[in-house]
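Chain naming follows the written order as A, B, C, D, E and F, and within any one chain the residues start at number 1.
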Amino acid sequence: MYITRRERFSAAHKLSKEEWSDEKNLEVFGKCANPNWHGHNYELFITVKGEVNPETGFVMDLKLLGEMIKERVIRHLDHKNVNLDTPFMKGQLSSTENICIAVWEELAQPIADQGATLHYIKLQETENNYVEYYG
Amino acid sequence: MYITRRERFSAAHKLSKEEWSDEKNLEVFGKCANPNWHGHNYELFITVKGEVNPETGFVMDLKLLGEMIKERVIRHLDHKNVNLDTPFMKGQLSSTENICIAVWEELAQPIADQGATLHYIKLQETENNYVEYYG
Amino acid sequence: MYITRRERFSAAHKLSKEEWSDEKNLEVFGKCANPNWHGHNYELFITVKGEVNPETGFVMDLKLLGEMIKERVIRHLDHKNVNLDTPFMKGQLSSTENICIAVWEELAQPIADQGATLHYIKLQETENNYVEYYG
Amino acid sequence: MYITRRERFSAAHKLSKEEWSDEKNLEVFGKCANPNWHGHNYELFITVKGEVNPETGFVMDLKLLGEMIKERVIRHLDHKNVNLDTPFMKGQLSSTENICIAVWEELAQPIADQGATLHYIKLQETENNYVEYYG
Amino acid sequence: MYITRRERFSAAHKLSKEEWSDEKNLEVFGKCANPNWHGHNYELFITVKGEVNPETGFVMDLKLLGEMIKERVIRHLDHKNVNLDTPFMKGQLSSTENICIAVWEELAQPIADQGATLHYIKLQETENNYVEYYG
Amino acid sequence: MYITRRERFSAAHKLSKEEWSDEKNLEVFGKCANPNWHGHNYELFITVKGEVNPETGFVMDLKLLGEMIKERVIRHLDHKNVNLDTPFMKGQLSSTENICIAVWEELAQPIADQGATLHYIKLQETENNYVEYYG
């Protein structure tokens, strides 16, 4: 059985590498390289796998899961600049793929500590684009 | 090839165990334990796996699939109380997980009788929470 | 200028009048008269009218508006039974229309106390049905 | 008859006044005052009023309307920083209200030049917040 | 008080005038003039205005309203060709505007016969385009 | 890591076999067999699997992926008649399943030429129905 919790955050970012010229950044990353930043309303889906506990009918307490995601992930991303403000993104390109992997690293162990398994993360950047990761 | 049919239902439920005190129910199930019930607009996604029939271009007739879901599942859930009115939920905690498993039990055999395979059920309780089950 | 805040709640209710027989209730209210309750995920949209404050660029602080709605309305409706648990619905049929009017009564004065004007309420019961009220 | 065109843009912004201290900005604008910016996927709805042209069955050519919105508004906002990059927002607080008014100023005359009337603008910042303006 | 019912239909159409050449049709109507038709999933919102009946808490029985819309409008549009199959569109350009006006003509009197008033129709052609009509 | 791009198209089609009588077509395909066509707003989700390139933080350039989908698939489907206008559907029943398989055939090799792998296609015909294919 799989349970999923959706959380959302609004953040600024840009895609660019310091060691590249502005021209090269613009060529590779297009309008996402705008030096003055741009931003998104991201949607984050966290899917946890486990057995249904016969005592509670739950795989995992969704309220607890939501609190873990808010404490470890959302408060570092919501109304923040992913490149400048988010500790677990320091030194990385802020592509949707890389944010997704970094969120996995933040959540896999705490979820395991609850006796369940982080199975899947989906991070939706716009209506048209999302990434998915299975660890 | 996988085909999916969405159906919806509005139902009341609460999470509580008769053998527990009100305090314990509230502690474990939070606001979902409200003794006077609460409710949701649920969305149910039923995914069937099969080969495409070269005669029809279909895995399975979606109209027939929709009728099976309505007859066996939705009419027992829509505008009902899951705890009190739904035959296939009698004696069980009405968690989203348990409803999902019970719907699987209702649909797996009838779909197999049509020569297709029930592959996956997703049950969405709110915009923020859903469960998934592969049998 | 109009600003709108969406809030959501999940609640149980039924449509029936005590002075009517079960048959009459069923005839008038259809499946909404199910004696064991049913429920919905409601979406509530509160629209406030006002001038834009040149100091802040705001018609009204949306965070304050959200807190007012949560304190006065949502905490009495979310994971509650509208017929049994909601003080401002006591003695009334819990139709979407009546809930909408009652929410208006709860919010019009507090919003006026902030120097703005409650303009419009939309209450969405399902994907297919909603009501709108201008006071 | 009213016709509406939806366009979308992703932008960074922050709410803060240079003449105020960081503390005052944080107190008034909350997390929207984050000095390192944050961002949103905005949805913009432009509604035009007019008579239906019996030759074409149209109030206005939606393709032309879409192009006007993209040329005059979206290309200055999408993947931009509203505070730093958007000519028609220079010197203003980048509240949703102020962006909405500025978009009105950009579009009212060009739409009038086509023989139609700009009637209404809705600007949605998140699932939970939007503003509306009638000029 | 206003109540709204959403119904949906899937239909084929094209925009073209018989008295015009293919070139002129293509010039005026763009890709909507494709001679072999194209189609949409339309969403239709019907808003009715009235007083709340104190007996029922309703402006109008939504089930009855839904049935009237299905009988008079949807069965002539769903899985049909608007240009060829829909009686109330004969001899007219099948623009979203014209369909909206024709639906108004079909529904205004029957709704008045129920003691309520047709107030507003919204017809959504795609995620990005819709029209609105107040009669 | 999986990345997904959504594209949309509006098309007309019908389900019917020339060698069958109208009665048989109606019996098997129901209202989808309407001889005068009907249509849909389709949503197409293309999921590509690959390693994250450490230089760019991307699995694949989404802009390039979008252009490939538009060039090879969407321009043959959008505002077209799937049965009459779409080269890669000639001689096939235009079921959602068959369109999905045909889109796979069009995209698998070009995506492989970019060093990534087409993993999954989802084709949504209406809010209630979609198909999924893994090749």
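Here, contacts are C-beta pairs under 8 Å (C-beta built on N, C-alpha and C of every residue); 3 or more make two chains touch, one makes a residue touch a chain.
These numbers were taken from a predicted model, which means no experiment stands behind them.
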Review point. Taking a step as a move to a touching chain, how many steps at least join subunit B to subunit E?
Key: 2
Study note, to complete from the structure: Sorted by label, the chains bordering both subunit A and subunit F are B
**Study point:** Interface composition of copies subunit B and subunit F: same or different, split at half
**Key:** different
Review point. Equivalent interface to D-E, which of B-C, A-F or E-F, with over half of contact pairs matching by residue number?
Key: A-F
Exercise for review: Using the touch rule from the top, work out which pair, C-D or E-F, shares more C-beta pairs.
Suggested key: E-F
Review point. Cα centroid separation between subunit C and subunit E, in whole Å?
Key: 29
Point to revise | Whole-Å gap separating subunit C and subunit F, where each centre is the average of the chain's CA atoms | key: 42
Check your understanding: Any idea how many Å lie between the Cα centroids of subunit D and subunit F?
Key -> 34
Exercise for review: Enumerate the residues of subunit E that touch no fewer than two other chains.
Suggested key: 127
**Study point:** Interchain pairs in contact, sorted by label
**Key:** A-B, A-D, A-F, B-C, B-F, C-D, C-E, D-E, E-F
Check your understanding: What residues on subunit A touch subunit F, complex-wise?
Key -> 15, 28-30, 92-98, 100-101, 127-133
Exercise for review: Over in the complex, which subunit B residues touch subunit F? Could you list them?
Suggested key: 1-7, 47, 52, 56-59, 62-63, 66
Review point. How about subunit C: which of its residues touch subunit B in the complex?
Key: 8, 10-13, 31-32, 34, 36-41, 78-81, 84-85, 126-127
